[in-house]
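We just call them A, B and C in the order they show up, numbering each chain from 1.
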Amino acid sequence: MTTVSDQPTSASSTVGRRRSTTEIEQDTPQWRKVLTSDPAARVTSLLAFVLFWVVVSALFDRVPGPVAVWTSLVDEFSRGEVFGNFGSTLYRFGVGVALATVVGVAVGVLMGLSQLSRAFLESPVLVALSIPAIIWAFLTVMWFGFGDTGPIITTFLTSVPFVIVNVAQGVRGVSRDLRDMSATYDVPMGRRVRDLVLPAVTGYIAAGVRFAIIIGWNGVLLAEWFGGGGGVGYRARFWYDANRYAGFAAWVVLFVGFIVLLDRFVLDKAIQRSFRWRDAR
Amino acid sequence: MTDQLVMGPDTGPSTPAAPDREAAARRTARGRRWRRTAVLALGWVAIYAVWEATSWWFGSRLLPRPHEVLQSAIEIIETGNFVGDFSASVLKTFAGFGVAALVGAPIGYAMGRSRYWRAFFHDGVTIAGTIPAIVYAVMSLIVFGLSNLGPILAVALVSAPYVALNVAEGIRGVDNQLITMSEAFGRTPRQIRREVLVPTIVPFVFAAIRMCFAVAWKVEALTEVFGGRSGVGFQIRTEYQLYDISAVLAWMVLFIAFMLVIERLVLAKAESRLLAWRPEERGAAL
Amino acid sequence: MAVLTVTNLSKTFNLGTARESRILDDISFEVSGQTFVSIVGPSGCGKSTLLNIISGVEEHTSGDITLTSDAGGPARMGYVFQDPRLLPWRSVMKNMMYVQDDQSRDTVARAERYLDMVGLKKNADFYPGQLSGGMQQRVGIARAFAVEPDLLLMDEPFSHLDAITARGLREQLQDIWAQSKKTVVFVTHDVVEAVELSDRIIVLQPGGLIYEDITIDLPRPRRQSDKAVATLQADVLARLETLKAMAAAEPVAEPVA
């Protein structure tokens, strides 16, 4: 925006003249337009990150640099450790989050619709929200030993409260006005659920599930870290205990890469779809 | 959450012409409030019952019963050395928070104000926000080894993306009309920042802080479990290695209670003071 | 007092994919001295856009705008927007003081005086959210007066108010204007209002051309009930009738060549 010429700060001249957009456009050189474009910004940010990584790894000799991590990653692939461990983590995580979604949506809808059930469930949900994942990991390892059950239960228990809270909020957010409007126009119940409640809530379910997924990853990795039953967490711990941090970092890169792809290409799309009505305002 | 529910059965102003109806309405309101309190208590009873049942199922060695945990908690409090560990953990949490705010808020501000910086930071910040806390915890330990800096770094790494995203969201929600108004009256950029931008983002920053705080102290404890020399997480690891599960749970319960109190007292108070201008109550914030 | 010169001003909004719409098309006019100019024209013809460009909050596509204070020193500007535009987190009084350069006691007294003029002295400590829409609009009016500007821009300031309040404020506006020698650019829908207040009426037509530039030469103070105002208003309205037909026919958005 051009500056307002009669600002008290620029009191030197009493005559103000403002430049038009055509003039400004003509005065900007081409190279500046290219360098300040969005794709250029993204590339610059990637380069800055790599540079940052290299600098940090040079400063702290315990931090592995990009090259060391890449070599360990290739090693791990050639040892054939990647797919088996990744597979079992995914399996545990998938079952845990699926359970959390089903239970969370059911309980959340209940809490959103009825005052009494909300009063009843409020404290348990609050308590569940505040128990750290590490405690669940400790307990389930003791309870269920080194199998799939411990990580699954940990994932479920850490993520289910977040789904509940989001869904309950969504159901309660179905606007009072719209409900009243439907009542005055005598909209039939089936259409009310389909056109009013469901579209309003799916966005919250999607957002809750996404949050549950972030929390759930933490749960499954922790349980595997302290359990002995294989998986990404187990393997990462193996390298950490061996003081081979490049191996640990390789797993982090692999895992974060996977999460990012999942988030970008599956969850984001789903959430955008279900919140479409809201962004169209 | 609680205050919202209490507001429900409030009876509005009534006419003096109908004292009976007014009294009746007040009676039903009181009845409803009573029932609510009873159900709320029932919720706590349910927690207790589930705990008892589970520890009966697994045996009290694998899940100590509530009164055993209570006993351990009393022991911890009686010996009095919990004060040092608690304050260590709380200080590290707030230090990490401070670092996150110092780094995250300017990044968020730049993202909200300029298209270039939005494109520059957006991907990195969202990715950083989806990385599980355990990764940050172990990474901080690798960088700093066994020291107090590890937990602080972990808290900062977990919180900074939230702060940045919320501040950016807040800045972008700034009413453009207020900015043009300020420009028309010749306000300086500094005045616009102080009077328009900052008040707009305060609610967003609070949302970020409250959301973060719940996550932050858990990450802080987690990092201490992995490699701390003091703090609640350190105690939890020590007791776990001694297989004293009831002490582990006692430390956890005490810490949760302590953090909830801090959240309610400090954060909620500050928030309601700063947001007094808002005409309507905020929705259930969790 | 200020001299405002607008030369060959054009404004084009970019509507995204290869479409743009020209709102103002090569407009030139000059306002100087103690002049009260009204701008009228059908809804959507670009009156608010023109004021925004004059005030500097909107950029123009081409052409020239200069603003000169003829008293020496920078020209001060006041703007009553079409909507109130108050800071919701500041009280009414703080909103008044926000746009003031000095925060001295005199300035506070002046702000209070103008707040009293619009009948809101009691509400100085209220937050905007606690006022009605019309009350907020009146705060906006008081705020613009309180900076005692050389150039006062007003965008339909009275259209949200009830008839009695609006009439009172119109009379106040005439008094203030007569005393303080401001240059006023006033946008309105209401031809009676325009005739009552202005020395000059600029009529914009859809497509952003100046349709007519009418000089009103009636003795002041004027009231809407004056006979002369009524006759002149009928005359101006008759001239605007032809505009209506054009408003229906004019295409707004055109593809870029």
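By definition in this document, a residue touches a chain if its C-beta (ideal position, glycine included) is under 8 Å from a C-beta of that chain, and two chains touch if they have at least 3 such contacts.
Quick caveat, the model's predicted, so the values are computed rather than measured.
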Chain contact graph, described as a line, ring, star, complete graph or other shape: complete
Contact pairs, highest-scoring chain pair: A-B
Inter-centroid spacing, subunit C versus subunit B (mean Cα positions, whole Å): 48
Cα-centroid distance, subunit A relative to subunit B, in whole angstrom: 18
Contacts with two or more other chains, residues of subunit A listed in rising order: 1, 4, 6-8
Interface hub residues of subunit B, defined as touching at least two other chains: 183-184, 186
Shared-contact residues (touching 2 or more other chains) in subunit C: 55-57, 76-77, 101
Touching residues on subunit B, where the partner in the complex is subunit A: 1-2, 5, 8, 35-36, 39-40, 42-44, 46-47, 58, 62-63, 115-117, 119-121, 123-124, 126-127, 129-135, 138-139, 142-143, 145, 183-184, 186, 188, 214, 218, 221-222, 225, 233, 236, 240, 245, 248-249, 252, 256, 259-260, 283-284, 286
Residues on subunit C engaged by subunit A in the complex (per definition of touch): 55-57, 59-69, 72-77, 101
Subunit C-touching residues of subunit B, taken from the complex the two chains share: 177-178, 180-187, 191, 195-196, 199, 277-279
Complex contacts: residues of subunit C adjacent to subunit B: 52, 55-58, 76-79, 81, 83, 85, 87-90, 98-99, 101, 127, 129-130, 147, 153
Partner subunit C, residues of subunit A touching it in the complex: 1-8, 10-11, 14-18, 20-24
